[in-house]
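Structures given as structure tokens follow.
Next come two complexes, and both contain chain A; in the first it sits with chain B, in the second with chain C.
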Partner chain A sequence: MFECQEISAEHKDLIHDVSYDYYGDRIATCSSDQYVKVWDRNKEGKWTLTSSWKAHSASVWKVTWANPEFGQVLATCSFDRTVAVWEETVGDTPGPGKRGQRHWVRRTNLVDSRTSVTDVKFGPKAQGLQLATCSAEGIIRIYEAPDVMNLSQWTLQHEVQCKLPLSCLSWNPSPNRSHPSMIAVGSDEPHTTPGGKVFIYEYSENSRKWNKLETLNITEPVHDVAFSPNLGRVFHILGVATNNVRIINLTPVEDSQLSGLTKLEIETAAQFDDHNSTVWRVCWNVNGAVLCSTGDDGCARMFRILSKTSWKPEGVLKGEGNQVPTAVEAAHGATQHIPQGSPVGSIASQTARYIKLGSISQPSREPWY
Partner chain B sequence: MENDSKTILIPNELCRRAGIAASWRPINEISIFPYEKRSYKQKDGPSNFASDQPSSIFHVRHEVILFHPILRKLVNESNANFLALQEFVAEKPPDSKTEILKMSRQYRSIIRACLLNLQDDIAKTNITPKEKQELKDYITIFYSIECIWHLCEILFIDVIPGNIVLPPLLDWVRFHFPKPERNAATLLSGDTDNLDLEENYWPTVFGNFLQGRMNVVRALLQQHSAAQTAVFQLALNVLKNMPILNIVPVSEFSLRWRHWTAEIQIKLDAKQFMSNRNLDLIMRLIVGEESAWAEMHPHCETWYDFLAGWLFYTEPTVKTFELGRFADQSIDRMRVKHHLKHLDRVLLAFMKFDLFEVIKEIQEITDNGWLVSHLTDILFHSGRLAMLENEVQNFSSEDLRESFILDYGTTLMGHKSLWQVGLSYLDHCHKDGLPAIKLLLPRVAFDSEAKATNIISEAKNRGLNKVAQSISKILAMRSLSQGRLGNALTWASKSQDRLFISRIADKFLQEYVDTGEWRCIDMLDDFGSSMLASERLIFLGKFIELHKLYQAKEYKECGELYMSLLNSKLVPQYFWSVLFDEALTLAENEQLVFSSDQTEQIIYRLEEKQNIPELVSSKVYLLRLALARNLKRALMYEAQLY
Partner chain C sequence: MTTFSVAQEGPLNALALNSTNTQVVIGGRNVFKVYQIEEDKFREICNLRTLKHLNLNFSCNDITWSPSDDHYVATAATNGHVCVWNLTKMGRAMQEQDYQDHKRTVNKVKFHATEPFKLISGSQDGTMRYFDIRMKNAVSVFYSNTESVRDVQFCPHNSYVFSAVSENGSVQLWDVRKPDKSQHQFTAHSGPVFACDWHPEATWLATASRDKTIKVWEMTGRPTLEYTIHTIASIGYVKWRPSHKYQLASCALVIDCSINIWDVRRPYIPFASFNEHRDIASGVAWRGDPNIFLSSGRDNVLYQHSFSDAQKPASKANPQGITLNTKGEVVYSKKVNNTITSTNSSSQNSLSKAVGLMRKISTSQPIDAFHLAWSRTYNFNPNNVEEQESSIFIKLAKSYILHGRSVSELCDHNSAVATQFGKNDIAVTWKIVKTMYGEEFVQNSMNNPKQEEGSCSALEIPDEQKSKGAETPAAQFSGGDEETENEDQVDNAFPNYLNVRNGCLPRGDFFFGENELDVELDGAPIFMDYYQYGYRMNPTPSEQIDWTVPNEAFPIRHEILDRSPPPEQFPDHLHTINLREEQSVQVKVDDQLPGMLVNVKQCSKPSWDPSPIVIQTLHHYATLGDIQTVACILLVLGESRKYLAGLSENLQEHWLLGYIELLSKYRLWNISNQVIKLAWLPSVSQLNQMSTTMNTNCGKCMKPLQRVGWLCDRCHTSENALCSICHQVVRGLYVWCQGCSHGGHIGHLKQWLAQKRVCPTGCGHMCEYIDN
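Take a look at the complex of A and B:
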């Protein structure tokens, strides 16, 4: 059985990104309406809109949380060519037992890009407070806040030219400081180009440079990449959203020339054409056991790892309008609908409404009682 | 697309029209929102879907019934039993069978207790119909679990002497189909006259007959109004002589049984029971007449209570490994082959000793993996899973066990008060347990310092110092944002991150620079050795000590400490001004603090630092004046001494 909670997001246009804080107790959303909104969950599980502000002067593509070690910090990137870092501050008069007035302050505006900034991600916390951005002009930029108590100071540490317009970026969540930092970027350049459209970069402490390790042989436009959380494996797993879903294992191998550069052995662990259309996004659950992809077929599809090279589709989620099916439909359909509760657009923003989704379709099996 | 993958529909028009995208919400929720890919190549502006109808976000998750308070006891008690089992097998005892059987029974009594709880609750009057339905669902789930576990225990965990499976099988059926016995008790305890007029008299007789309760059957027959007739007396006599299976050796029993049924057959052939149809039917059943058994179908609720009765009379010495074949036959006879429910399939798979099928099926139970994880674990430890490794290539029983325990533990980790229970399961996953804890433990949300301390100690117990330090840092940042500087410093000092501690200590010193006051300096006494983690913290500690000495009028020590601070390399740039203010206070003190030598050193430092912007020239002037006067006092005092 599944249950579903609806939160009215109050954006006036489609949402481009929904991002959860480390504990899943706060939501940040961004939209073409140029606003960023933050939602907080109370002890009873109700979500309340606590902040909403116009963050950019164009569509906001992505929003992302920094690790809570750095406080309550967000980064956003936009069509307006800028990246902004936001910090939540608490007003001066927090009475006993009361929370002070909270609001989000723009700590910095990073304006180095000359084109739309398509993705922004904070680096693994072991490396300090780092921020990577990628842009349509094909440049990866790595920023760093040297003083974590002062987020208005960011230095542009590196600029990496990739030549192709970039659409997405992912840090390898390397578990410790001894691992060199690794980034994967993807390009949605529509024309086929020699080589591929996913690039893997690694930071070399010796040369203090980001070096390209590999180009993955994916020639179709790439819309999203995501490294899996590392569960103590010796290899890394990268999910790629392109004309299908691909799951790629990257195994570091010792380099014979001892140049200090890692070499990667690349192996496609799985490829799923289930969307039968362009795949826009991929994301991992907390322990990396399940990859969720969404695509042009209007479906979110989940895939579960069985072994290093074996994955299986696990479930599908789909938007289905708000009509309640007739009894006959429900009996015949492979899937059932959830009865619609209160109309969308009511003041549902502060209610925690759970809908039971008794909708597991298993034509081959009878449901358990 | 695979046929049996699940589709979940989100009841939202915008999601249907625009399409959707997904994010994960830690730990186990998926978040769906209406989404349409927009490219930077398109002209930026409102999309086709822009409207005043705001879009929604949907959180979808597996319903976790184990989080229901009524099942809390089950979760905790089964956890204790699970841990006891792990501890027991870790010692690698030479003979573990009896102990494991005991633990299997313990699991069953936990399930039983849970069911009793549920039944108590459902009988309450103050519950809503919705809650009632929920409880009903739970009861159905746990009845099935009890039934499955019991059969599994008989076939896989218990040791059956001589593989004679019928006695325990009968016990199992009697336990899970208590109706005949209950009805008999009601009948027998009531008015003894004319029992046979009761509508359920004969069904009760047959029900008990099928469960092999011959004493009950005879007691019921004796209360029949015609009990004194010849045919009843004959039947009672025949039934009294039924051989009982606990006779050893088995061959002896078989001989007697054959003899007994042969005698009945002779009496049947002589049509001695013809005058009572029901008694005649009983006798025909005993001799295994097909047509008679066909009449029993309505008396059976399921194919397996039929199976037990049928075997009792026709194959009483059936062996464990023959059970599957007879189960199939019994399903055929009951004509339920195409109506098998989930529970039926699980039980059938058990009887066929098809553990793979069993495990596949019990995963479908909506108990969030409670049964599959605990049952697989106990089967693994009793050595029953390892046998499968010979049958299937590349199959590892340990991996199978671990994957279920890992999932179960992960599910519990997602609950605000069950996370420690979840942790204890992950602890017993030798391969992926620790990495999973490393990922999940820091994500356990805490709203109190008590809970955070708890998480930190769990992390330290597992050698995850990084996790512990990270939580300390997060607490420090939270305290900071709440304006609780002292608290922030305490937590920061536990993070062992030198830079981080210094930054917080800076905030502390900075606040003193700004306000000239300390907040909660008492806690600085508690730092002890962790003080040494950062130079800035050492400075802070020493500076506060200076104040304390001054207040205690220990001027001599105060002066010494001041000098050591002044000459240390620990003074932050922004703090020099404050440090010189202290010199001013001490120099103006009634009692002489600084010697002439010390005063000269201070003057030297002042000249060295006079270009620091915070040091305003008026202050420098005052200081020079005060120091000059102090020098005069000191020289005079020293002159008197020597």
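Take a look at the complex of A and C:
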């Protein structure tokens, strides 16, 4: 079971993105109300607002954290056609007993796009400080901060033209040196077009260009794509949120060294229609074994890998705070180390927003880190 | 009801519809035309610029069409003239009036909505003039006392009142009868105000400014701000949408070429957006129907737009967000579905609370959920923390031993650890690794032709240990003890090792043993088992050899040769074991004869290599995301990794980096560093040799210490780098305050700062020690 705690984010409009930082200790939220908020846990473990600022002059679509190696850095993208990079600074007033006030400073504003910037993501740490953005005009832009200590200087390294308006972007996080940098983008173009709406691009060291490697044959509007963390797989897994959840294996094929371009073998590992409605988001757990998706049915659903080509639904998180174990999960319960329990229908009441389901760990137990 | 357009010779500055919304007049620097609006196209009726003697009167900033008399059109010319045109006449006679009152460009002209022949103009010269088009001169002049007037609009609720906005950010209300003084004046924006528009029903005035906002003012009494819309660019034009109380259209002056329709109650995202223009739009005119409007653009095009072709940015906006962290916690935020919450009484309160944020909800308004968009955010925390994958990961990471002992020992230990935390499949994998790469086996069949002795000694360990004590096994395993482990550790480790064996050997030993092995030995008194084994083995060495060799060596090999189930199927223990038993029986039957005949030869030159299967196993765990098992097995194998032929260095590096990455996500720095240290690939082992320089300052003169050691270039002494408390040289961990550069032994300073805040040197700095 999960216990559910509602965070009253108090954004004045829709929240479009939430994002944990690298360690999972902080949350950033962004909303159409043009604000970005950063949350930290207080001593009781409750999320409290640390910072809130007007980041853009239009809806903020996405917020994403950089690797902490580069500092406490966020990037946001907005309907106002800009991308901003923010850094948290601590004011220079370290008096006794009180810390300096923290605040977020805009380090740069990237204004190359002529239309809404729909997604922004930091590249894998190994490649330094890179930022990829995609926009409604169908252009992927790759920026780089040549000096990681200077977040105000970014150079536009690449502009890659796609034909369709883009809605989402994901870096392949694989640290394997035989896997070149790879980006997947998706388009939410509403009309069914031949060809597909997810494109895989790969950076070629030889030509110093991003080349389109593949087009995935998904014809429905795509709202989110997410590469699984690749800690040691020889193939990549891409989660796609469209009218359903799709899990796609991309296996690099070895024998094309001559052409300089890797080839991918594409295979749909699983497809889940459980949401029975538009699926908006997909995200991965830390080791890439569980995919979590959210849809218009108001549920977050989890799927677990069993083998390269087999996945199973693992659980459902309802907004109101209970996890409903699926039949499959119940059947496999004995071998799974996943939370178990009968669904508890919790009532979202005004006074008791914090609902405890079962006991939590004893305070005497050692913390995890 | 379709979108269509007509291109012109030059940019369009303005457009105006006639009273019946059937014709449109457009004007620009080089354009001055009247079009009939047909079902799906514009038909040109009249081009006023075909006349001879064109002058600047034909270049207009703004156009207005008389609502009471379809013959009259007035233009604001760039040369400061206000011209009135009679469309029924021809040639020069068309220009009925040419008022030359303004000194500078006229920005705006507007016919009065109800009074025929009445016209107002606003100019860059800071004045407004009221005309009766039947008269040669202006009726009255209004001095705004500002530099320039950008827009003037008659109030639809009071025929004498008009509003004027100017570049200094102010809004003025005038009574046409009182030209001497404005009735109201207030500063509306922090930048030039470019446009204003009266609401057709409410007493609201919308103003648009370069400060990237549109503001809606309640104008009864003292003007109060009702709504503010933040836009991405300066707004040059604003127009309320008919029969939609809360909606208005806006055009930007720069950057944004789209025409946005806003719901003032949701001031963040346009309700609809029309992106046909390739340059900024200069004007909007509703065709009576709230779903159709015309627009003129600087891209030379006149458009008719239909709402059926509108873009709805909000519908494309992603209404949900989700994120997972390393602890398996989930934060999920989703759009609240209003139709559901309104029926759900328990959520009613929160809904109304949210609604409270959106001010002034009209209850009579038909259900229109656009402006009611809001999200709820949930944080799901797994409440059986101890059973979480992440906490098991951490416990395993902390408990696994990766070096310092023999492979067998490490495997046994790690297997026991895995069992302890409920990871039985992983425990079995460790067992198998032990079986294949443990010293016993390697000695037996990989290298050493004298496998009998090896196997005997291995199997005899427990027995010998019972009789002789710890010397023999310790000696035997010293091969793995290359690290600086001292005797204590070895001594401690040994009983540990024994315990491990106790816990797990029966199951593992099954591979060596016979078919009838009892699975239930698990928890039984182990030494008894060993007695049994020993008893069986020891007294008759000759028999033992006969018994051991074929049964030990063969079933293992053939079992795997015969594609024994890879470890992923292990959760089902009993089944697997049964299968094994069957297989081994079968194998035995098959191979008994050759086994008996050529048994030594068979053993000394193994006919198969377990590596592919081990690699396959590692791949399997990697696929499942369990990089911990993979990396730890690789680390434990140590030199035996050489048997894993076909495992590319890139992949090994990938696995190690994957594990390191995961460890650092859990802040398990020590373990991560241990992995780096144990890594056999230079690219990984060098990871902890980068960025190792720490610079500190001299405690006395604050000059950065740049030499090796503590010597300050200026003070020529290293005295100031001694521990501030004990005044000894610090070897090992040195902690210092970045504020005052004083430091010393971490223990000393921790102790000191636990009680005091001031630096121990007495420098007066308030040091702070944050212990994570």
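Simple rule for what comes next: the second predicted complex is superposed on the first by the 307 of 369 C-alpha atoms of A that agree within 3 Å, B and C clash if a C-alpha of one lies under 4 Å from a C-alpha of the other, contacts with A are read in each partner's own complex, and residues count from 1 in each chain.
We take it that a residue touches a chain if its C-beta (ideal position, glycine included) is under 8 Å from a C-beta of that chain, and two chains touch if they have at least 3 such contacts.
Source: prediction; values computed, not measured.
After overlaying the two complexes on the shared chain, residue contacts for A:313 are found with chain B alone; chain C is out of touch.
Contacts of A:88 after superposition on the shared chain: chain B is touched, whereas chain C is not.
When both complexes are overlaid on chain A, the residue A:234 reaches chain C alone and has no touch with chain B. Using the contact criterion defined above for the overlaid structures, shared-chain residue A:174 touches chain C, although it does not reach chain B.
After overlaying the two complexes on the shared chain, residue contacts for A:298 are found with chain B and with chain C alike. In the superposition on chain A, A:147 contacts chain B only, with no contact to chain C. In the superposition on chain A, contact is made by A:283 with both chain B and chain C. Common to the chain B and chain C contact sets on chain A are residues 1-9, 11-20, 22-25, 27, 29, 32-33, 58-59, 61, 79, 94, 116, 175-176, 188, 223, 229-232, 280-281, 283-288, 292, 294, 298, 300, 317, 319, 321, 335, 337-339, 348, 356-357, 359-361, 365, 368-369. Considering their complex, residues 1-41, 44-47, 49-63, 137, 140-141, 144, 341-342, 364-366, 410, 432, 434-436, 438-440, 442-445, 447, 466, 470, 473-474, 477-478, 480-483, 500, 503, 506-507 of chain B touch chain A. Within the complex formed with chain C, the residues of chain A that make contact are 1-9, 11-20, 22-25, 27, 29, 31-34, 47, 57-59, 61, 79-81, 94-97, 116, 167, 174-178, 188, 223-224, 229-234, 280-281, 283-290, 292-295, 298, 300, 305, 307-308, 317, 319, 321, 323, 335, 337-339, 347-350, 356-361, 365, 368-369. Chain A makes touch with chain B in their complex at residues 1-20, 22-25, 27, 29, 32-33, 43, 58-59, 61, 67-72, 79, 88-90, 92, 94, 115-116, 118, 125, 136, 147-149, 175-176, 188, 223, 229-232, 274, 278, 280-281, 283-288, 292, 294, 296-300, 302, 312-322, 334-340, 344-345, 348, 355-357, 359-366, 368-369. For chain C in complex with chain A, the residues that touch the partner chain are 212, 230-232, 255, 266, 268-269, 313-314, 316-335, 337, 346-347, 349-350, 357-358, 373-392, 394, 422, 568, 571, 619-620, 622-627, 630-631, 648, 650-651, 653-655, 657-659, 661-662, 665-668, 683, 739, 757, 766, 768.
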